[in-house]
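Please find the structures below.
There are two complexes below, and they share chain A, which is joined by chain B in the first and by chain C in the second.
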Partner chain A sequence: MTKMQDAQNRLRETVKDLFAQQKVDLVVGFEAGSLPLRTRVCFLTSADEADRLVWNAFCTNNPAVYIPRLFQRPASPREEYKPPKLGIVAKACDARAVHKLLEEHQAPRENVTIIGMPCRGMACRDKVVIQAGDEVVEAVESTEGAVEIKTRGGASHRFELQDLLQQACLDCPQAAPEHVDVQIEGASRRDTTRRYEGLKNFEAMSADQRWEYFRHELSKCIRCYACRQVCPTCYCKTCFADMAKPRWTGAGDGLSDVMFYHIGRLMHQAGRCVECDACTRACPVGIDLKTFTRKLGKDVERLFDYVPGLRPDEAPLLCAFEDDDTEEFVTDG
Partner chain B sequence: MVFLCNWCATLAAELAGSNRLAYPAGVRVVKVPCAGRINPLHLLRALQNGADGILVFGCHPGDCHYAKGNLLARRRLSVLKGLLEAVGMEPARLQFSWVTASEGSRFATLLDRAVQDVRTLGPNRKFVKNPAAAG
Partner chain C sequence: MEKGIIGKSELAKLVEAMAADATCLGPVKDGQDTVLAELGPDTELSFDYANFRLPVKRLFFPQSEVTCVLRDGQLVALPPPDEKTVLFGVRPCDAQALPYLTKIFSDEKYEDPYYLKRRENAVIVSLACHTPCSTCFCTSLGGSPAGRAGCDILAFDLGHELLLEAETEKGKALLAAHEALFAAPTDAQVTAAAEQGAAAEASMAKIETDGITEKADQAFDAPLWEEIAARCVACGVCTYLCPTCHCFGFADEQVGNRTQRVKCQDACMFPLFTLEASGHNPRTTQGQRLRQRIMHKFSYTVKNVGEIFCVGCGRCVLYCPVNIDLREIIEEVRK
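After this line comes the complex of A and B, so read on.
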């Protein structure tokens, strides 16, 4: 039995226990997907469904996105509010997102049981396909740290997970999920020294080059809002981009409107984005959103020593201030 | 576009006016109760509508009429400015300054210099919504 399967079995047993002790009545986790290299989020309502859960290098989704909806209050005040007792399988980024949502009162703390997984990072599907050079028809995480795939052309490859990591995993500020309620044992990724390394190319560009990159990437946008829908911390009932009064921005795919939407969304994510890259994965036209979310996150960390979801008892970034906040952007007389 | 908070910034502007200090043409003034009232989306809208530069004037930290509005604005505007500069906007197009009510001539100088900076950069072409394609 591989170590990954160990963790998977431990997870399944833990979930069965949580149901048995009635600590949870709903568990959100990952199950096998219908396509290779993919898992999908599953919703379990009893212990006998627990064996559907999987844990492998393809558990990329951020299940925290479901929390605002699961804990939504009924429309009528006369209806009784019956929130679920939720157990959520979480990687480090997922746990940060859950804590951000709890801080923003999207769920009662006592109703959420965070199940921290031993996360060694997730495989980036793009990297796998590029390195395989062909369509992947089968993908398995076999012995620890390796991903074995078969391609449509019949070739077999074995890649080290460390060479396939998503940008989100390379940039992760945590060695393992923190502030969780239950921790599944297993080896986690320890290397947090590569944070923001991938941003260096963008930062080294001149202002005009950065503008051209931004413009080029965003010109692909078709305003499908997949980025917003998949983001755990985007849960406004009416998004600013959909408002008619005031009409902040047009809904079309003209560049000016597209930029307004994305810069606006980034501003609303300042101090809230946990850099899980769900937006980048969801984008159907392949916009490099993660470069911009990283730039935002890096600035926030540099200016205010703030990493969203890392320290749950900290005040939210833009609701607070310090007397010695930076004045580097203020024009002096 | 110049945003003035209703308290220190407006008083400084009026002091400049009563001292007959000129300020450049092409400046549109918007009075807000406090710099903290400004939604970053307002500033993006200004850029989209063709503003070549945006200046925000508020009270010095510690002097805000509403106690902490300018302190919140400081964080918010810093993040916005950092983000816009990261995607290639020229830094001089968005500026913010603190003035007290008695700093009439300093206000005029800051405003003058900022408008000059923006004029040197030329019109804002990057963010403006093309009027011909507006729909």
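After this line comes the complex of A and C, so read on.
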């Protein structure tokens, strides 16, 4: 049995226990997907469903995105509010997102059980396909640290997971999920020394070059809003981009409107984005959103010594104040 | 002229000749992807691709276009563009979708001049697929990797050369206009193309779709919609990448001192889709929205215009961020 399967079995047993002890009545985790290199999020309502759960290098989705919806209050005040007792399978990035959402009152703390997984990082599908050079028709995480694939053309390849890691995993500020309620035993990644290495190219660009790169990437945008919809911390009932009164930005794919939407979303994410890269994975036209979110995250860390979701007891950035905060920047001059 | 052979190395000459009176677009490599892009005199065509990420419908039904402007208090309709185009490298699934869209954008009562003019001005040169992806399922919906529906010319990639076969008068006219660049195909070449098409068809897994309309109607109240939609994040990827999806809305926008009415693509998956001005939304759950999408494609369009609005291109399967798989939905509905 591989170590990954150990963790998977421990997860299944833990979930069964949580149901048995009635600590949860709904568990969000990962199950097998219908495509190679993919899993999908599943919603379990009883212990006998726990064996659907999987844990491997393809568990890339961020399940925290479902929290605002699951804890939504009914439209009518006469309807009883019955929030779930939620168990959520979480990687480090997912746990940071959960904490951000708890801080923003999207769920009562006592209703959420964070199940921290031993995360060694997830495989980037694009990297696999590029290295395989052909459509991947089968993918298995075999012994620890290896991904074995078969291509459409009949070739077999074995890659080390460390060579396939998503940028989000390379940049992860945590060696393992933290501030969780239950920790599934197992080895997590560890190397947090490569944080922001991926930004070197972008940071070496001049302002004009950066603008050209931003313009080039965003010119692909088709306003499908996949980036916004998969983002755990984008949950406004009516997004500014969808408003008609006032119309903050046009609805179409004109470049100016597209940029305003993305700049707006990025700015709304400052101090809130947990850099899980769900937006980048979801984008159907391959926009390099992660470079922009990461740069914003680095600026926030540098300016405010703040990493969203890392220290849940910290006051949130940009939306907390003290009565004796300086007002010189307002009153001076 | 009905059939012609042209060497891949001669294509630049053909493009140059066609570019004299039309904008030519074709498959061009862009990083790891291949996109349908404008062809210049030195643009290298790519033949190493499965399909464009974005459906070809966007050339006729763009994501957004200005349809009217307010001028001196009057709403003035803008004329549709008059540009002639030649689209090269369109896959048969995308081509098959175009006659379906024409049925929507043109009927006894209404005509959409913006879609129709663009379609009229375009010559579609399809490129048959020699290696369909594992996510393709056109043959399950009446299509084929060498399908001829919806195109003006069907081309086959025979390695060093292409065999072009005219399917419409427009296609014949294009081949005739550039006759000098083509050679008559040999029997061997015609046979090679037919065999390539047959082999591509045979390589594809089929999903059962018989009776899908009746089954979908019967499944209206089934719990499967909410179950699958539990993970749907309500983005527009499936809709915007679908060759047959056609819902649109209008937005009135102020740009400087100009007011314009913009026709934009819309998606029934968005929560705002049926949101009424009163604040009431008849579809409150994502399950209801997912059901609407599936019913529209597999039942309502069959009743309205006689076609299942799916060509099996597989984009929704490949690009759904949460791995909602239409093939599984079809199978579930048929149970």
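In this text, the second predicted complex is superposed on the first by the 320 of 333 C-alpha atoms of A that agree within 3 Å, B and C clash if a C-alpha of one lies under 4 Å from a C-alpha of the other, contacts with A are read in each partner's own complex, and residues count from 1 in each chain.
Note that contacts are C-beta pairs under 8 Å (C-beta built on N, C-alpha and C of every residue); 3 or more make two chains touch, one makes a residue touch a chain.
A quick note: this is a predicted structure, and the numbers were derived from the prediction, not measured.
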Partner chain(s) touched by A:D325 [first = chain B, second = chain C, both, neither]: first
Which of chain B and chain C A:P284 touches, first, second, both or neither: second
Chain B versus chain C as contact partner of A:V230, first or second or both or neither: second
Which of chain B and chain C A:H105 touches, first, second, both or neither: neither
First, second, both or neither for A:G252, with chain B first and chain C second: both
Shared chain A contacts, counted only where both chain B and chain C touch the same residue: 250, 252, 254
Residue ranges of chain A in contact with chain C within the complex: 33-35, 38-43, 61, 65-66, 75, 126, 129-130, 135, 137, 152, 222-226, 228-230, 238, 242, 244, 247, 250-254, 278, 281-282, 284-286
Chain A-facing residues of chain B, complex: 40-41, 44-45, 48, 61, 68, 71-72, 74-90, 95-99, 103, 106, 109-110, 114, 126-130, 133-135
Residues on chain C engaged by chain A in the complex (per definition of touch): 31-33, 50, 53-54, 62-65, 131, 133-135, 230-231, 233-237, 239-241, 249, 251, 253-255, 262, 264, 267, 270, 272, 284, 315, 317-319, 321-323, 325, 327-328
Touch list for chain A against partner chain B, complex: 207-212, 214-215, 240, 248-250, 252, 254, 256-257, 259-260, 263-264, 266-267, 270-271, 292, 295-296, 299-300, 303-304, 317-321, 323, 325-333
